[in-house]
Structures are given as structure tokens and as C-alpha cells.
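Each structure below is given as C-alpha cells.
After this come two complexes, each holding chain A, first together with chain B and then together with chain C.
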Partner chain A sequence: MRNGIAKRQEALDQADLVAGNGLMSRRALLTAGGRMTVAAAAGGMSALAVSRSAAAEALSVPPSMTVPGAPMSGYGQPSPYEEAVQRGVLKPYGDLAPGTGVSMTPLQHLAGTITPNGLHFERHHNGVPSIDPETHKLLVHGLVKQNLIFTVNDLLRYPMTSRTCFLECSGNSFFNSFPKPMQMPCGMIHGLISGTEWTGIPLATLLDEAGVDPKGKWILAEGADSAGMSRSVPLDKVLDDCLLALYQNGERLRPEQGYPMRLLVPGWEGNMNVKWLHRIKVTEGPTETKDETSKYTDLQPDGIARQFTFPMGVKSVITHPSAGLAMQGPGFYEVSGLAWSGHGTIAKVEVSADGGNSWAEAALQEPVMSMMLVRFRLPWRWDGSLSRLMSRAVDDQGNVQPSHEAWAKQYATGPAGNLYHCNAVQTWEITAEGEIANVYV
Partner chain B sequence: MRNGIAKRQEALDQADLVAGNGLMSRRALLTAGGRMTVAAAAGGMSALAVSRSAAAEALSVPPSMTVPGAPMSGYGQPSPYEEAVQRGVLKPYGDLAPGTGVSMTPLQHLAGTITPNGLHFERHHNGVPSIDPETHKLLVHGLVKQNLIFTVNDLLRYPMTSRTCFLECSGNSFFNSFPKPMQMPCGMIHGLISGTEWTGIPLATLLDEAGVDPKGKWILAEGADSAGMSRSVPLDKVLDDCLLALYQNGERLRPEQGYPMRLLVPGWEGNMNVKWLHRIKVTEGPTETKDETSKYTDLQPDGIARQFTFPMGVKSVITHPSAGLAMQGPGFYEVSGLAWSGHGTIAKVEVSADGGNSWAEAALQEPVMSMMLVRFRLPWRWDGSLSRLMSRAVDDQGNVQPSHEAWAKQYATGPAGNLYHCNAVQTWEITAEGEIANVYV
Partner chain C sequence: MSMSKRALATAGLVLALSSVSARSEPQLGQPISDADIAAWDISIPPSGEGLPPGSGTFAEGRDVYAQSCLRCHGEGAAGKPADALVGGQGSLSTDAPQKTVGSYWPYATTLFDYIRRAMPLESPRSLSDKDVYAVTAYILGLNGIIPEDAVMDAASLPDVQMPNRDSFVSWYPSPPR
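The block that comes next holds the complex of A and B.
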């Protein structure tokens, strides 16, 4: 038999409510003194309390215990039962340009903060090149004392550092720049964001070896893909924290992440993190490449495009519950999501379950790292009524994630409007039937 | 032409030397004031300084820029050029029991601290079961107020937490318990260690819901594999920090890591982290299962086996350079490796390049987390002579990694001797020919 919901409900009424429509204090669940309220809060959680005989039945030997299992393997893969957990591919030109587009991290199926390499989002302008690491070369030239050429084997001997950080396409959440909210899974709206541990060589080391001319104030970084993807980066940022990344989550880069090497520009627009890097040129000013003029500029209401919005804005999104998942009846849920800021470190995430009328502060999972995804969590008891879940992040520089309305006002809208830097608050509307929709508030 | 080695060597002589046989201060490389010594320290680093015409030639369009690349994909895989980077499989019973054995993380090919899920080590006693998450159940019973049965869908609604930590088989480095040092790659000696981000439910939450009888002081955790792998864990540890893990590095557990759920016992023997968990029984004392009596005990010189050595000892290993790699001539190398302790947080790692005559403190990559792998690094200029590289870790509880001799004295040796808990200092001997061997010092 199911546990007595009524009895749990009674205890729940004692639980700390911290905001409207059922948001609960995480302390009530996690402190020793409050532990008994967990079962109470469970309400609609559905552990089955069973008799001794039912327990004995549960102890009956499952099929997996009756036959030897599969052997060890050289490189593991996800369970066949999880094969639906894939990146969502969008090819705007279809088979005319099958390598132009994106694949998006399925945020609604993931937990924690690290993205597995196989599910890190992709954004390619003309596909993933196949590059032989034995022949690939990196040229450092331009305003330097000596031109330098590095092979991969050269670079593997240099002093390295590791940086765990997010990478976000500046076009992430572009569907939310549309006049009407689109209905699709959370990961298809917001999944051009991932977080991993990168290891490589501080670019400062290589530039010091080349010797930067005092006139040099920018670099041009160019990829060896057939789009010739290239971006300009101010030298101050390059010397501060940019890496020539060779490893991701411990192993060498995947092809779609720039194998054998990419630029890592922590916190800044994803496409500045040039993949398949084969050339760094030190320059006096920005090079004004096609990738920073015809694209990756922000069209404003007056028709003028703002150039060089480098850092990705402070942002958060609730991934559980979110579109692409379904509610399983009233009762307890953990509201959980990701927050990040290209300006620094997340200081606070607030959650609302009543469409923004009241807010409560969520718990942040340690370690909270600068320019890395942060997992936030807050307990919630859903009473089964129409509810609007929202999250709002604040970073340590005082930046506050804007409402959808405030965000949209900054930019030109409409079919040819601005697609970039959408960091507006996401609202998920939960219907009494347990469906979850994208709405603008 | 190559840079003038002699000129670099001259500058190198100015660099901070911090211990014998060429160990250099990392500060000399990384502080702004010391940056110019990087090129100097490079010595044997082999960036090619090139003329303008050679640079122009390097700019010639590589083949990858002349054809469209591959399209986006649902789930990414490593580069074909990295297909040699695999877990090393050992099957002691061969095809008689192909699912009994280990596969080991190729540490010498990895960097950073996160292990990608596909390369996390495996240790199975009778293979990897295939378990349907729709039918799998977890039973909590024994000394509890109410027996509880949880389905996977039940559990996905519970409050979760994430923990980035190492997992080490208590038999890791067992080859180094042999009387003579075995010659094989670093990962085949020490690769039963990996580090990942786990996400799941504090076991305390589930046990609180079941209601633990005051007589309950231990739990028995049993897996649904055909070895019926089962271990006893003291309740204090369970309530302190054990998780029912559902996710690893963001995605659901891989089959070989316990899909759909495993026990996570941070810092303690790997096989206590019972995979494919289907039963937790609260007991008065340890259950004395076969997996904690016939195995996973430590045979001492007097013939008595010590039972229940739970935490994994403080340990470190240099992964670069290490056996399985080859030196590329005299000059600059970064000595880099991993350190960890099941007792707490790594406080210090020292490195020696002269077989233990002198030591220098390595830099630790932030964030340094309790019971997680820590990457340490120290610059080294190899003069091409016979050298012995060693690392020695100290944790914040004052535990010091023992020498091989001191470690071996604690245990019975020989063919039937103790195989477990080998945390002795690893010495890599580098010959003048650039070969790297495992030696005992």
C-alpha cells in the first residue's frame, strides 16, 4: 500500500515554506533536525511501503543475477536504455549544407554541472574537419618578434593548466527572441550551453615566446575548417586567461570540439573559442572578419548593429521540471537548474513558482566556480494547479538576469531581428494536466 | 632554423632551480615578471622560429579547408586518431570468465582531473548486467520502521546533490606489490583510479524515510549482478556522505558503472561503491559477505588478514613523463600527475628528479577538493642523464604517502601476499636513451 498521503500532508504543513505556491526551504530537508520532514514533504513522492512478504518478493532474484554479464570494454558507451538522450540537431539549410548548424545539449535529461563530451553542444559553419595531428601546425605571426610554428607534439611538452568553464553559443536561446514562445524541449531552446574541464597551454606562454610587439593589441584566431572561422580577441583577455586547449574532460579534444586544438576564451561568446585552430596573428586592431560583422553582432531597435558583445550575460534556466519532461501528478518535486555568467561568479539564484509574485533563494551546489555552470536546487510541493516556474540569477558583479520583456526591449525584434545574447528569464508554465510549456512573462 | 639552444640555455641558468637535477620553480614560468624565462626554459621545447617566407608557406591552405566537414551528430565520439587511447583490459580467467577482471584508465594519455565516462576504470566480478530501468527496484529493509521499495522514476523526483570525487579499486597498483617491478604503461599499473562528478540522492534521505531502528549500525548493500556483489558499510559513513548515484558527469550512469543506480562511498574502497544496487539492508553489524572476507582484506606478515581498511590511503603518481610514454630528447618537460586521499584533502605534493635526494613542492590545480583527484605540476629540465622521478603526497590529516619499502613492510609479500591498498611512492627511471621504467626505490 502507498504511504498515508494525508499523514504526510499534515507534517508538510509544518515544513518551512519560503515563497508562494509551495516553494520549501532546502534547510528543512537537509538539516539533521529537519530530516523527518523529508518523508512528510514527500507527499506525492511515491516510495512504496511494503509488508514483509512483499519485501521478500522484491528480494526474488532478478534476471540480471542469473546470467553472467558483458565483459569489460576499451571505451564505454551509454546504456541502450538511454539512447533517446542525444544532442538535438538543427540544420537550417538541410542537405544543402549538412555541416552548417547546431546540435544542442539535452539539458532536461542531465544533472550536475559537467557535460559529458559526447553531449557537449556543437556549432559549425561548414562541418567538422578531419585533421591529422601529425601534420597539423599552429602558426603565431603578425606583430611578433619571431614567427613561430608549433606541432602538436611540441605543444604537448609545454606547461599546462586546467579550467572548468562553460561554453555558450552567443545564439543560445535564440528561439526565445521570436515574437511568440516556441514549444520544444528545454534543451532545444537553451542547449547551446555546456560545461567541461579544459586543459591546455596559457596563450600568454606562446605569445611570450614569440615576443609581442608593443603595437600589438588584438589577435586574430583562425580555424582550419572549410568555413575559415575566424575571430578577433583583445590581447588583454588573451594574456589574462585564454588557453590553447588540447584536452576536454581529461581526454584529447573530440573532433567536433576542435581536435587537435582550439582556443578557449572563458566566459565569452562561444564562437570566439575558435576550433581547429591553426593560426594566431597579433594585430593592432580587430580584423573585422565575416564572423564578427555579418554575424555575431547585435541588432538594436534603431537598426544599428552593436559589435563586440564579448561576455555572455548572467543567465539561468530551470531544467527540472522543464519542457520535454512531464509532471507525474501533484506532490514533491525538486526544482533544479543551471546558472552561469560570463562576467564572473554566480552569487545568487532565486526561484518563483507563482509567475514572479514571490521568490525564494535556491541552494547552489559547491564548488561554485567563476564562468562555470552552477547547479541550483530548491524543494517544491506542486499542488496540481496551473503554476509558473521561473529562475533569476545574479552574479558577483551585480548583474541581474533580465525579464523577457526587459531583454527584448534592447534589441530589434521580428523575423530579421536580433538573435544573440538572449539571457532573459525563462518561464515554464505547468498546466493542471501536468504539461509544461514555454511562456513569456 | 631551430631557436638557438645555447642562448636559451644561458637564460635557463638564471631560472629558479628548486631541487636537484633540473626541477624548476613554477613561479618562474607563470608570474608576469618571470615570463621571459619561459622561452629560456624551453631549451629543448621545439617551437620552430621561421622566416617570413616559411610563415607564408605555413599559411597555405590545408586540405581540411578545401572540403566541407562532417555534419553534427547526436552523440559524439573520440577522434579516430586517438583510437589507441583505450582502457586496458585484464581478464585473469580469460574466456572462462570474460566478465571477471578489470579495465584500467590510461592515465599516461589523460590530462586534467575529470575522467571521461568512457575511460572510467571497471572492476567486475561477473560482468556487466543488462538492467531495464522500468523494472529495476531498490528495496530498503532490515532494521527499519517500514520496508520501502523505490523505482527509478520514484527516485528521480528526490532532492539530489552532486559530489566530484575519485573512485579507486582497493586493488589498484597491485602489480607494485609483486617482488620485482613489472614493466607496463602507467595506466596498467595505476589505472584503477578515476575521477568524475556524481549526482544522486543522499542515502540519509532514503533511510530517514524508512526510519532506522536504533539497533541499526551498519548497512548491507547488494548489487543485481550475477556475482551478487555485496559489502557492509558503517551507518555513520552512510549518513555522513554516501549517495545513491544516478548520474555521472551529467548523464545517467553507464552500464559498467552500475546503471541504473550505484552506491557512492566517497574516499573508501572502490568495491564498496556497489553497482547495480538493488538492496540496502540495515543491520546490527557487518554481514561478512564473501566480498569482504575471501577478498578485500589485507594479509599481514604474521599471516593474519586485517579486515575493513575502508579509506583509500594518500597517494600520488606522476603521469607525465611515465611508463608508456617516451622522452623526446633532453630539454624542458612538465612533470605532471595526480594525487588523492580517501582521508580528506591533498595538502601538498612533492616531486624529486634525483631519486629522492631532494624534493620540491609542485603546484596544485584549483579547485582542490576533498576525496577528489588533484592535478600537480612542476617544470623540469631534463639534462639527458639517468634520472629517477618520484612524487610524494601529504593530506590535510597529516598522512604521508609511504616509500615502497615502508609500504611493503606492512604486508605479507610473495605470490599469495597482499594485493590491496598499495599507495607506495612510484619511481619512474628515465634512461639516457629516453626510456621510462618502473623501479622500486
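The block that comes next holds the complex of A and C.
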């Protein structure tokens, strides 16, 4: 055992520096321990090795071993010590419209790729409705042979399937469309993204049952909330992989996520994943609702607006280290973050520690799934100097995450410029004092 | 086990032999008539299909607006505290684009649809169809898109030419070349 650790340590110490400013080969992780997790543990030891000074104190019996613990409970809660891990709430209209706005996932405090249900981001246009599943119904109508109405109990009897995928608000990272970089935690900038196992009924099943008229090419999906949220979705996508989702990470949907049911449109704009879904109308063309014309269209500098820009572009962000966290002195760090693409599967994530002068390929945590968050990792030895950390993702369709400059050039600026589809490379600047700031490069 | 295997095999056979798709099981949807879904079927496409009977004018709309919208969208719908509903025409290709119903929205039918489903914010679905036509006429009139004496109804609303109608480019199924 000791021998094994020593060997891994040696491998890490000898690891090739593969890019500027201390980035080490991901192979150090993969070959040294055989497994990424084991090697990462060894990496932690290496940091200790650097900072180890005085001997540790003598151990005493932990109090938790001396008294019985708390009894069982009906529904578990996070540790009280994790109370500070909260969604960040933004209400653009304040008390005038308290249910209109967002809450954002604190990405800098989470690991892995699955978003806890209580921390899943929210975007509502007029609050979270309270819906009794006994009265909620789903209507399928329009260009179909037969209008059909389904109760929730009916729907729970259908054959189901699960899809683990990301869900990203089209406005995620909108702060990075501002002319000057905003200083706030990583999750407040990029936290309108989740990774979730959704379980439900392929929409194709219900449409088949109603009998789609060949003239039908789109659907209109409508929520039973007080915004009557409605979006048009092309029928090809609906029949390909859309779900009527009833479960979220194993439990029934949270009210904020559309209880008792939502539309799941894998890889496409979050806004299309209509929550509190109660109506699907098969139509010839798009309905041109407010949220696919006035909003969720992307204005270019020439005054032309892109419409129906459905897939969320290839993107990545380093969550560790990132704004909202502080460095703990020079030494070993595992750089880790999330990557995803609405066009397919992440093929590669590169990391730079020197502001983009040199790049090294990160290790991708298995499983790497289409249209799902991927966790990437790369060992880094920070020498304590001013450093700029960046990540850049590439997907299997050849899409490359754009630089901030290249992204911004495509769109109108100003207070009513374009806020949508911001997939620009994120740069975190780490000062010698260990502070982490958002910068544009 | 073998029972369910046989059942699956039979289902496969049925799938192969008949036009009824196996994935449609268990067929629990209940038929419902067009008349019975009227209260829900409120989405209005650019063709105007589904627009309800009734009509409204700018003058009537001014009253509806004062009563139900003014406190959030401001005098003359100029905005504050909520979104401006007028202005910004000609600004979209400048450094300070202003997106409003008048400068940005491509279809007048969307305005009717949205007000009817979502406004006023604290009591959506509370306005009569006539009031929705009227306040729609008021906002379009304030923007100079229709004359103040125009009557908005199921026939006239889809014909309204929005100034920014041709400035949207569809990226589905693929970006323009």
C-alpha cells in the first residue's frame, strides 16, 4: 500500500509539464493510479508534501462517537454545515414581479455532474404555480386524428425511459455579454445549467396515440403557469428524443421544475423545456409566441435577429478554482470544470494556465454522454504568481468553444443587446494574493 | 420470465403485422371535442387562426390600459417600472438597440396572444377578448403602426404589418448560408 502511494507520488512528481505555468499531464492522473480518483487523492498528498510544516496534534475521541446520533427522518436534508450552499436569486423587477427572474446553481460548491434537485436553477416568468396532480391534465390536439386528454395517473402507467442530460437556460452566462466583466461567484455567472436524470414518456408515444396529421410539422407546448409559457418545437425533434418528464433524479419533479410534468428537449434552449406542461398542439408552423420573438432571439449588430437558434453551443467552464472560491497558497490544485454541447458529445477539453498562450488536454471523467455535462480535470501546480486559467471545449461535431471576443463580435451590444447563447471561453484571473476574478481575454 | 418473453415476442409480431405501433400502449388518452377544449386553445399563430370574435379600438384601449397596465408599463407605455412597449424604431442596428413591441416584434398576433395569456401580471386571463383587442390596438397605435381609428378584430389583426417583420432569420434547421 505504502509502496503504491509512493509510486504514484513519484509518477506525479515526474509528470511532464505539458503546458505553461505549471499544467501537468492528464496522463499523470490516468497512468499513476490507473484511475482518476486514486491519482487525484495522491495529488492531494502532494500538496500536503509542499505545505507540510509542523507535526499534527495528538488525536482525541471524536464527540460523535460518544453519544447516540439523530434518529431517522422522512426526507433527508443537507448537513447544517452546508447551509451556505444556496442558489443565488435575481429578481430583475424586484417586488413588482417577485416570481419573474432566476435562481442560479452555485457551481463552485458542487462536484460531479448531477445537480441536486434542491439546487437546480430556476427561471420563471410569473412564479411557481401550485398544481394538484389530481386535477392537472395534459391535452394533445391540433393537427391530430383525435384530441386526447390525459390525467397524471394515466400517464404514470405508460412505459417510461430515462435520459441523463444537461439543461441550460438560453440566457446562461448573460453577465458575460456585458461590456465589462462582472465580479461575482462562478455560479452567479454560469449557474443556469444542470445535469439531471429525467424519467418520463417519449412524447412520440402520446403523439402516436393521437395520430399526427402529415401536415403537422411543429408543436406548441404550453405550461399551466400564470405566464402561460409557450414555445414552438419542431416535430422532428419532438419525435426524435423529447420526453414528457415526470421524475427528476429519481423523485417526482420539484415544483420549480414543472411539477407534475415538464417537456424535456435534450440539448436545446432551456426555455423550450416547458414546465407545468398541460397542452401540446400539433401545428403546421411555429406559433411565434412572445418567448420566441420578443425574447430568446439573438440580435446581431446589423439589426438582424437570429431566430430558432435551438441547440445550446459547445461550452465549458472551470469551476475549481473559480470566482467565489479562494486559493489556499501555492502548490497542487486539481483544475476541474464542466463541459457540454447541445450539438452532441464533448470530444476534448483543453486548459490553459497562462491566458491562452499554451494549452493542455484535460482528462474527461467517464461516462461521457451526448448532451450531458462532462467533468474534466487536470493537475496543476500553482507557483503563486498571477495566472489566467481558461478552458476550451470541442464537440464531436467539430464545434469549438469561441473566445470571448469572437463570441461578442457576432451580436448587438448595449443594455438591450444580445444576452442569449453566451458560450464564450471563461477566463479566471488568479492574483498573487490568491483572489480569483472574472476577466475577458 | 418465459411468459413475459413470449408476450414480448407476440408484441413484436403484432408490431410487424399491424399498423398499430406497440409504443402507443397503453392508450389511456380520452377523446375530447374541439368545443370542450376552447378555454385552453388560446395560442394564436401569425395567420390569426383561432382569434376569437369581438373587436376593440385605440380609444377603448386607452381606458383598458389606464385601468390594468399603466402602473407597471408607465405613461404612454413608455416603460418603468416594467418593460417599455413603445419606441426604439430604427435603433436596432445602432450601439444602443431598444427592443419594444414597436421596434422589434415581428407579428401583431403575438401581442394579442401574449396579453391575453399573461397580462396583467397579477391577474392573467382576467381581461375580456374585447379588452385584449382594444389594448392591443392602443399599443399598436401608440407605436404608429396602425391609425388611431383602426378597429382590431380577427380579420384585421393578422394583416397588421409590423415594421421589423423581415428582420428575423431562422436558424432552424440550420443557420443561413
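Here is the rule we go by: the second predicted complex is superposed on the first by the 397 of 441 C-alpha atoms of A that agree within 3 Å, B and C clash if a C-alpha of one lies under 4 Å from a C-alpha of the other, contacts with A are read in each partner's own complex, and residues count from 1 in each chain.
We adopt the following convention: a contact is a pair of C-beta atoms (placed from the backbone, for glycine too) under 8 Å apart; a residue touches a chain by one contact, two chains touch by 3 or more.
Given the structure is predicted, the values throughout are model-derived calculations rather than measurements.
Judged by the touch definition given at the top, the superposed model places A:T283 against chain C, while chain B stays out of reach. In the superposed model, A:A416 makes contact with chain C only, not with chain B.
In the superposition on chain A, A:Y158 makes contact with both chain B and chain C. After overlaying the two complexes on the shared chain, residue contacts for A:T293 are found with chain C alone; chain B is out of touch.
In the superposed model, A:G228 makes contact with both chain B and chain C. Within the superposed three-chain model, A:Q77 lies in touch with chain B and out of touch with chain C [touch as defined at top]. In the superposed model, B is the one of chain B and chain C that contacts more residues of chain A. Once chain A of one complex is fitted onto chain A of the other, the partner contacts of A:N147 extend to both chain B and chain C.
Of the two partner chains, chain B is the only one that A:G118 touches; chain C does not reach it.
Of the two partner chains placed by the overlay, only chain C lies in contact with A:G303; chain B stays clear of it.
When the two complexes are laid over each other on chain A, chain A has residues 97, 126, 139, 141, 146-150, 154, 157-159, 202, 204-206, 208-209, 226, 228, 278-279 in contact with both chain B and chain C.
Note for the complex: chain A touches chain C at residues 93-94, 96-97, 100, 125-126, 139-141, 146-150, 154-155, 157-159, 202, 204-206, 208-210, 220, 222, 226-228, 230, 234, 236, 278-279, 281, 283, 285-290, 293-294, 297, 299, 301-310, 412-417.
If you check the complex, the residues on chain C that touch chain A are 21, 23-34, 37, 40-46, 72, 81-82, 88, 92-93, 95-99, 101, 104-107, 109-110, 113-114, 117-118, 121, 124-125, 167-173, 175.
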